[in-house]
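Have a look at these structures, which come just after this line.
Below, subunit A partners subunit B and then partners subunit C, in two separate complexes.
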Partner chain A sequence: MKKVAVIGAGPAGIEAASLLAAQGLEVALFEKESQPLHNLTDKAFLFPNFADARQVSERLLEKLHTPGIALLKDTPVVSLLAPTAGGSWQVNGQGFDAVLLTSGYTTFDARRKEELGYGIYPGIHTSLEMEQMLREGKIVNTIGDMPRRIAFLQCVGSRDEKVGNHYCSKLCCVTAVKQAIEVKKLIPQCEVYIFYMDLRMWGQHFEELYREAQTDYNIKFIRGRISEAGGTFDRRVQIKAEDTLMGRPMKLTVDLFVLMVGMEASQGTRSLAAQAGIAGEYGFAQACDPHTSDNCTAHDGLFVAGSCKRPMTLTDTLADARSAAWEVLRYLHSGLK
Partner chain B sequence: MDSADLTAAERLLEAEPSLKACIGCGGCTATCSAAEFVDFNVRRMHMAFVKGQQEGLRTQLNRCMLCGKCLLVCPRGVHTRSVIMAMRKELSPEEK
Partner chain C sequence: MKRYWNEYQKEIADDHFFYERSCIRQTFFAGSETTFLRILREELDKDICDNPHQHTCTGIGYHSDVVPFETTMTVVARLFSLMTECGYKNFVPSCVTSFGVFTEMMAKWEENPALKEQARQYLWEACKREFEVPENIVHSSDIIFKFREELKPKMRYQLVNRFTGRPLRVVEHIGCHYAKIFPHHGVGKAEFPYVLAGMIESWGGEVVDYPERRHCCGFGFRQYLVQENRGYSIANTKKKFESMEPYEPDFILTNCPGCAMFLDKWQYTIAEMEHKTYDQAGYGIPVLTYEELTGLLLGYDPWEMGMQLHQVQVDRLLDKIGVAYKPEEKYLGVGGKLLPTPLKPEILKQ
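Entry: the complex of A and B
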């Protein structure tokens, strides 16, 4: 029986592993954490339809029951070696006929943008921390009261050459709109601002959600990049931006300031892509061709899927994983090996 | 735009090509030290300049203290301070 290693039990790894196992392959699914899906289980609701992230996680976890999958928790992959002539791929010293890398992303460390005050002043949070508050259904300011005014800032760690990330993380735009709506559902009287450079509502129902944020929730959109944030004497946060559509610099004092942190290649993605010789831009893994061969790599038998390649939504990640599973099957049945 | 004279704008972009990467986010204006005290909008000025609208800019440009904070925040790596210097040169030929 052919053996496949899938590295990373996130949505892409689970989806691909279950399809490969259902086709009769023996799948070893490596996971460095003690539980799979940790980048999904820390979410409350998913854009654009406010699906409960826990339910989506459960549906994915059920797929792990497919016979033929061995889930290896607490098992980081430390070595990924290409086959020597006629041999097999070596993952942590074990041999496999094919390897699928699904080692995913991590979020940008907001402390790298020191001028935005994260980790320095109270009241400044990342979008992940906001998601945690939404999961608990409780949003409070620095003195434990309900916030009266919240500002979200897009593109923290994305589209920013100062941190070396020229790319757009793609899903922060809609995530801020989603979180802003959830804030208004919890605290209708709260004033909510979203500061943006460009709003990229590219996916299905994203634009509708943006419109809903304006018309049904009165969320205020300001086109301008916040370049500084600081604490005030009463533990609030003062931000400085230019309202570029008005052509005026502005200051705004808010109770909570939320930084929409972008996506970066995870540590595992960086080191494994480098080891396997498929390191692409910004530490992400590189596929052969973005149009016609987006799951194959420069090496026969090594495949990639999901956000180890670039920022990707959950929807796109799952579709990409299915496509990768097909490529793995085609390779293993092609007689190449 | 039909009647705009873009020759000075082209010289500016040649002197400081990084300006072509500007996406108009206003980060420079937001952080500007001079704008704290006087009417001075660096984003609006260089955007007007490259569209050939240079009237009134000369006096405004002298309000810049060349502190360079705008340079530190620009997400596109525009050398805003040298943009200011290049605009000053264009508008005050005697200082060349």
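Entry: the complex of A and C
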């Protein structure tokens, strides 16, 4: 029986592993954490339909019961070696006929944008922390009261030359709109602002969600960057921005300031892509061709899927994982292996 | 509080410095530069050259668009030639504006070597001099920062309120051109420069972090130099004071001549215009240079350092720290001659 190693038990890894196992392959699914779906289980609701992230996770986890999958938790992959002369790929010293890299992303460390005050002043949170608050259904300011005003800032650590990430993280725009609506559902009287460079509502229902945020929830969208944030004497957050549509500077004091942190290649992705010689831009893994061969790599038997390649939504990740599984099967049945 | 760049340290030479004085500091904070030289020579046993042939860097004129780039470049080259002729390689400007001008020229020369050759040519044609680019360039506050722990055991006082036993609350204000142009030239980089905060923390004080901490002091060159724009200047300063007021700072520490001057003198103007002072007792918030602060804690005479020339008087701060001083000697000139006592403002108490 052919053996496949899938590295990373996120949505892409689980989706691909279940499809490959269903086709009769023996799949070892490596996961460095103690639980799979690390980057999904910390979400509350998913855009654009506010699906409960827990339910989506459960549906994905059920796929792990497909016979033929061995989930190896707490097992980081420390070595990924290409085959030598007709041999097999070596993952942590074990041989495999093919390897699928699904080692995913991590979020930008907002402390690197020091001017935005994250980790320095109370009341400044990342979008992940806001998601946690939404999951618990409780949003409070720094003194435990209900916030009266919240500001979201897009593109923290993405589209940012200063931190070296020129690329768009693709899903922060709609995530901020989604979170802002959830805030308004919980606290209707709270003023909510979203500061953006330009809103990229590219996916199905994204534009509708954006319109709904304005018409039904009175969320205020301000085109402009926030140059700095600081703590105030009463433990609120003062932000300075430029409203580039109005062409004037503005200053706003808010109870909570939420930084929409972008996606970066995870440490595992960086390290494994480098080891395998497929490191691309910004530390992401590089596929052969973005149009016709987006799951294959420069090496036979090594495939990539999901957000280890670039920022990707859950929907796209799952579709990409299915595509990758097909490429793996085609390779294994082609006689190349 | 966590600071991401706190650990960033630039290279600061150990010894053998060429000092470049400021144009305006000797007028407004008259003893600061002399105090700096004294600290380096007497307390730290360092070699520092104070060349009498030095001159302006043109910074104020350059940033006001009245001095062309080529002129500034040549003037900078001349100052570097003085350093070269004296046999030094470590250049230390006293002024933050100058520091910005020097680092800007060095960056331009590095990026475009043809400009450096042009500077050499202009300097040669103008005064038959030659120069080398400094191996190490730091602002003079960087040197005090570097040796702050070495100075600490020599200090007679700490930044502690002797009446309450609590650390003094200090607003630190960094000149914009210290790290905002080239972050890597500033200790702690641009967002939370640590050069003054490090001194305050080492010497027992508490740094006040207030929302307008990074805001301009109000000088801003054309904001002040063009008379019609001065409303912008004072509005900036007022914004800073209103932001820091709730924290009740004991004093402000700066490393830039313009900042020290504007934060000090605009307090008088605001008091006259709006009957407003930013301390509860109505005396204003004293503004100190880092040399004055270091000198005070080392036990130097505040009047010898020229601190009586401040707009906001420092006597109450001296009392808080416990500095021994003689009020009757405040206005003594050279040879013990009593100078005229300045008139006291009506609103800003003294």
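Here, the second predicted complex is superposed on the first by the 337 of 337 C-alpha atoms of A that agree within 3 Å, B and C clash if a C-alpha of one lies under 4 Å from a C-alpha of the other, contacts with A are read in each partner's own complex, and residues count from 1 in each chain.
Assume contacts are C-beta pairs under 8 Å (C-beta built on N, C-alpha and C of every residue); 3 or more make two chains touch, one makes a residue touch a chain.
Being a predicted model, the structure only gives us computed values, none of them experimental.
Enquirer: Where does A:Gly230 make contact in the superposed view: on subunit B (first), on subunit C (second), on both, or on neither?
Expert: In the superposed model, A:Gly230 contacts subunit C only, not subunit B.
Enquirer: I'd like to know which partner A:Glu131 touches here: subunit B for first, subunit C for second, both or neither.
Expert: Touch partners of A:Glu131: none, neither subunit B nor subunit C.
Enquirer: Contact-wise, after the overlay, does A:Cys155 reach subunit B, subunit C, both or neither (first, second, both, neither)?
Expert: After superposing on A, A:Cys155 lies in contact with subunit B but is clear of subunit C.
Enquirer: One more residue to check, A:Glu115. First (subunit B), second (subunit C), both or neither?
Expert: both
Enquirer: For A:Gln238, using the defined touch cut-off, is the partner it touches subunit B, subunit C, both, or neither? Pick first, second, both or neither.
Expert: Touch status of A:Gln238: second partner only.
Enquirer: Shared contact residues on subunit A for subunit B and subunit C?
Expert: In subunit A, positions 115, 228 sit in both the subunit B and subunit C interfaces.
Enquirer: Quick one: which bits of subunit B touch subunit A in the complex? Just the residue numbers, please.
Expert: The touching residues are 23-32, 35, 41, 43-44, 72-77.
Enquirer: Give the list of subunit A residues in touch with subunit B in this complex.
Expert: Residues 115, 155, 159-162, 197-198, 223-228, 240-244, 247-250 of subunit A touch subunit B in their complex.
Enquirer: Enumerate the contact residues on subunit A facing subunit C in the complex.
Expert: 111-112, 114-115, 119-121, 228, 230-233, 238
Enquirer: Which of the residues in subunit C come into contact with subunit A in the complex?
Expert: On the subunit C side, the touching residues are 1-5, 189, 191-192, 209-214, 246-247.
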